[in-house]
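Next come two complexes built around subunit A: one with subunit B, the other with subunit C.
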Partner chain A sequence: RLLGGLRLSGLNRVSMSQAVGGFLSKVQQHIGRENGRQVAKLLEMVGVPSGVKQAIRAAGRSKGVVNMAKRQLRGPWGPFVGSYLVSASMLDANRGIEAAEAAKDLQKFTIKLMDTLLSAANNADWDAPRPGGKPANWYLPVVNSAVLQLRLSAYAADDEKGNTDEQREMLRLIRELLVCCIRKQKAPPKQSLKMGVVFIVNHIFKICFRINLLRMTHDLQRTFADPSIPKIEEFPKSQAVTYKYFRGRIQLMDEKYSEAEKDLEWAFQHCHKGARKNKMRILQYLIPIKLLRSKKPKPRLFQKYPFPQFEVIMKAVQSGDLKMYNDALMHYEDLFVQQGVFLVMEKLKKFVFRNLIKKVYLTNASISDATKWQIPLLYIRFALKICRVEVDEDNFDEIECMVANLIYDKLIRGYIAHERYLVVSKKIPFPDPNAAPTQQQ
Partner chain B sequence: FLISLSIRSSRPSRRMSSKANDAKADKKETKEPVENLIAEDDEFEEFKEETWEATQEDQEDEGLWEDNWDDDDVDVQFSEQLRKEIVNGIFVIEENSLLFLPFLISEEMRVSKACSVQQQGGVKI
Partner chain C sequence: HVSGMSSRGRGGRRGRGGRRWRSRNRHSSSKDKTWRRGATSRPSHGETRVDSKGRVAGEAGSASSQFVGTMQELEKSYFRLTRKPKPSEVRPLAVLQKTFELLRRKRAEGAGYEYLSDQYKSLRQDLMIQDIKSPFTVLVYETFARIAIEITDLSEFNQCQARLKELYAEGRDRREPEMVKNYHEFLSYRLLYLLVTSRSMEMMEFLRSLAPKDRKDKQVRFAMDVMIAVTQGHYHAFNRLYNGATPLVGSVLKIILPRVRYRTLAKGIKAFRPMRTTKIEMWMRILNFPKQDECAAYLAECGVSLSKDHKEVLLNQTKNVKRPKELAQANKHNGGGVVHGLF
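For the complex of A and B:
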């Protein structure tokens, strides 16, 4: 449809160059009408008939497409589209290293393109509305396609070479594009290149997380301290959701659990309902934080989004079953470490113990209401035995240590009578964990 | 003073955690299913659409979390097991109020234990 019914029968050279020529005409048409989304879709081969696609890929691999693009497309668009199609075609042919080489040219031509269009916007008369009615930053979707191409080329090249050199280099190159976007511009913010910062930062985040290079993620967030950049929620949903997912993960690593919860919850709620895998990825980080903040996922959450690893830990915490908890933590250790949530899951241990002691307290109360405030440490030892946890029989040091920590964390109100009792407060012996100060990190 | 006697035979001291060996064996057995959970390519995907309306979002997902998960109902099974442990394990004599928990050793044994503790002059729990 995008190519107005151009058909390709057989791959002979004349038809091939006709096919590519026809494609490039369509691209030029959309450029002329400032249809950024359509240009991006064409470049990403969305809706392009397979015969035409084959022709373009062939022209890309032979690099013949570069001259064709320069001939048919005006100004900086020629070299830009040419280098894009070469990189994409190499990537498509699994020639990662060549794709990355072409991507470096693409980066240069992207800067050239942005410079040219930005100058035009800065020199324009902003008292009059733009002819054609499109915003001055209409080409941002095309920039997004370019940055995506840079990122994927780097992945492919490094996968071939077995290191992270290209990805690191691409981080540097993509950051240059980010700098282009935040320069002072005449256009009002929503029409300026500042509307490109979120998707560019998202691409950078993706590389950072992939190669585990996280130190630059903090100063990337400082980009948004600029008051002329709109709030995240004012950007397109796909960009805002992605950004908050990554920012949430960064805050989780910094142990800023309250902020992480806000971001991940927002991302989860506003994620497109069809993007199920992304929803699962968000939950992978949101659930541990919710558990740490003593908020239990309802059963229907696990029915809709299965997470056996979290479900068993949650059961263990709820029932105060220390053995179930320890076993689950060990069983899923590799998974938790790989996902970066092991520390959070380990922090749940104190809640397991708190709930176990509460059960001992309730049992004790049912035996003797008069002395329910005095919980013999021996009973706690019995409880641990019931949970099939091995425990020191010679003294109560381990138990007293764990109880002391719970008192310190304000999960239990009381004091320890050495080697005899845990004496709890008559008012609220087991405060709501949500109110405890450790949650306010 | 308080006296509590354990008539259980004493065991050697052990760490308060699951035995490492058991856990490792566990791990080997059930390693396969866990590996399936680790996705190879776990990168947040590009969305198909740039933006969407609220109607394209899951509305029901808002109420998925419970604030308070404290179960004030007694866990009956646990409670019974704990009572059993207590009953089988100890008796407690408090100075002012006699608190005898029924247990299964003979009267004779009970008396002799109480005497021996008194003789030792100790208040040991």
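For the complex of A and C:
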């Protein structure tokens, strides 16, 4: 009855309930030893033989596992593990909506679990070392598994329904867990639930980006303004890298480019050597920023991590080829918008123009060295026409506008003689863009 | 006499049943209750089944419990719902359609924004209460949104476009092209709204949410071109777009024009300074002033030196440039004024 009368290949009912029972006692064992990672591994079915897995999934689908868990596991662990396994089993069986329903129960029991363990920790004697030697927040890996389960069930449920309701709801529920973690606790920060803050926020970021609800990411960042929470760098590497990756992307969209560069660079440097896909993901956002700040990535980088979209734009910028640049932007527009770097890539146009003018200057200088610092606007127009770009024939207004912007941004030192020349400085007409701070519009 | 307005003063309770709405009915609804015949001061039976968006909840999912109003008066002042409304307080669809026509006429006759805003709010409320999601609903929201844009009441516009988003989605689901025919027009307004209120994060979020083919629409493309021109400081492109914009788009662009203009002034001064004098015609073009005297007045207000006949702008004599009045007024739209309303 506990296994819902489902037809199961191979094992008979008795041995199935034995399998589940055996699994649960293993879980209880690790709980007793306060080994959070092992509990999490078991829950996520890592290293669990397939027969046992099958039995658990069946028990999960029929929800019979809940009572079994309540009997075998002590205190708040019972309902927690029970609801977790139900949700995971439903998810496994592609029943997303039911997985999400069970996940909501899971969230409630997670809070209960954390409450119980937290009050025990707060009531304990902190002068004596903990028996068993494990820190008071030993169960954080389990919380992580729970939050992961919440997130994945929300995805599945919404994919079935075709909207984003469950994911929004999960955002709210996961934030409640976050609040649990930042409460006042007796344990020193590194041993307290505050060490759970980063991975929970990362899960929230993932949902936000998936459903394109980026506005709430701002107040999430304020969580770290709390001085009792350790700095990001003190958290486990993988969590810190993920956090900085997301924060960098958010700052990118907020047009805070220097902060974004810092975060993404840190993420790239500290990202695990073998995690190639993640490195590519970080670069996708880091490269545009570097380009904007005129820091060209070495060709070696593109050999290791190919990015055709950036390679062609870089070429266009370096050669001052406005047509190549415009074409590339049009070609990759969908990709750039999707990544949120569209505006950044648009901002590179001024460098293309600057390099184009520099070429005109050099060509002009090779013809007549005496008046090389007076660049006729007519020549700039010719250059644009050579690039097969449409230009106004009646006046130089558009060209003067672009030039005025370059002068204002300190990319060219000079002034405009209206409708006649761009007159550049005799000393350093084209300052190194690296040295000049980019003016924000 | 079509108007449902009873006397414009207080009182006006007639002997017959059915209530008349006073104009500017800001009194709380509890006071209204005491005027109703046989009304008690207790809230209506059972729990208040008006949800957070002002919709009257029927029995779960059943369309047969559709709320239908019976009020016949065309005009009704808006008041916030705190309890389930009675049918006599809500106008049925046929009446609402007449109300809409009335409001259109009144607008053409020059009715004030406060009156129109009030009436449209109650019109939208009645549609919401009766859960009417039809091309007519879309028409009502779009019409009022356009009025709000013209007056540059951005917060009202924002409320309307939020609801329009839902209605368009509904129209797409139900495959009713009538409901979504102005979809792209309002997408472009939304983008410009985000630009004008300096919400770069939401702007990127918004662009991301568009399907690629939406981005290729002419109106959306126009708004994107404006966005690029403003964020890159391409004042020439901005002026061109501004001068070629449709009247409604122009109303929104008028809000950022002062900002673009002031920055252009700064750039122009830097780029042309070594020239002793520059012609005012050039400044008229880059600052987008069709009339010379307006341009001269603006420059003077900003502390730029002009020749006596205002034909020459003397940059080398210009010391301190200060902000003009129009900039301060425009900046109050910057990043503010959003009220997430119901209707």
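The criterion applied here is as follows: the second predicted complex is superposed on the first by the 429 of 441 C-alpha atoms of A that agree within 3 Å, B and C clash if a C-alpha of one lies under 4 Å from a C-alpha of the other, contacts with A are read in each partner's own complex, and residues count from 1 in each chain.
Assume a residue touches a chain if its C-beta (ideal position, glycine included) is under 8 Å from a C-beta of that chain, and two chains touch if they have at least 3 such contacts.
Quick caveat: nothing in here was measured; it's all calculated off a predicted structure.
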Clash-or-fit label for the pair subunit B, subunit C on subunit A
fit
Now for A:Ser145: first (subunit B), second (subunit C), both, or neither, which partner does it touch?
neither
So, A:Asn326: does it touch subunit B (first), subunit C (second), both, or neither?
first
Who does A:Glu398 touch here: subunit B (first), subunit C (second), both, or neither?
both
Counting only touches as set out at the top, which of subunit B and subunit C does A:Lys296 meet: first, second, both, neither?
first
First, second, both or neither for A:Asp334, with subunit B first and subunit C second
both
Per the overlay, which chain contacts more subunit A residues, subunit B or subunit C?
B
Given the touch rule stated above, what does A:Lys385 touch, subunit B (first), subunit C (second), both, or neither?
first
Subunit B and subunit C, closest CA-CA distance after overlay, in Å?
10
Per the definitions at the top, what is the overlap between the subunit A residues touching subunit B and those touching subunit C?
334, 338, 398
State the interface residues of subunit A toward subunit B in the complex, per the touch definition above.
37, 141, 148, 206, 209-210, 236-239, 241-242, 245-246, 268-275, 277-279, 281, 290, 294-298, 300-301, 308-309, 318-319, 323, 326-327, 330-332, 334-335, 338-339, 358-360, 362-363, 366-368, 370-371, 376, 378-379, 382-386, 389-394, 398-399, 419-420, 430, 432, 434
Quick one: which bits of subunit A touch subunit C in the complex? Just the residue numbers, please.
212-215, 218, 250, 253-255, 333-334, 337-338, 340, 342-343, 346-347, 349-350, 397-398, 400-405, 407-408, 415-418, 423, 441
Hey, which residues of subunit B end up touching subunit A in the complex?
2, 4, 6, 10-19, 23, 26-27, 30, 33-34, 37-38, 42-52, 56-58, 61-72, 74-75, 78-79, 81-83, 85-86, 89-90, 92, 97, 99, 101, 125
Quick check on the complex: what are the subunit C residues that touch subunit A?
200-202, 204-205, 207-210, 212, 215, 227-228, 230-237, 263, 266-268, 270-275, 278-279, 282, 285-286
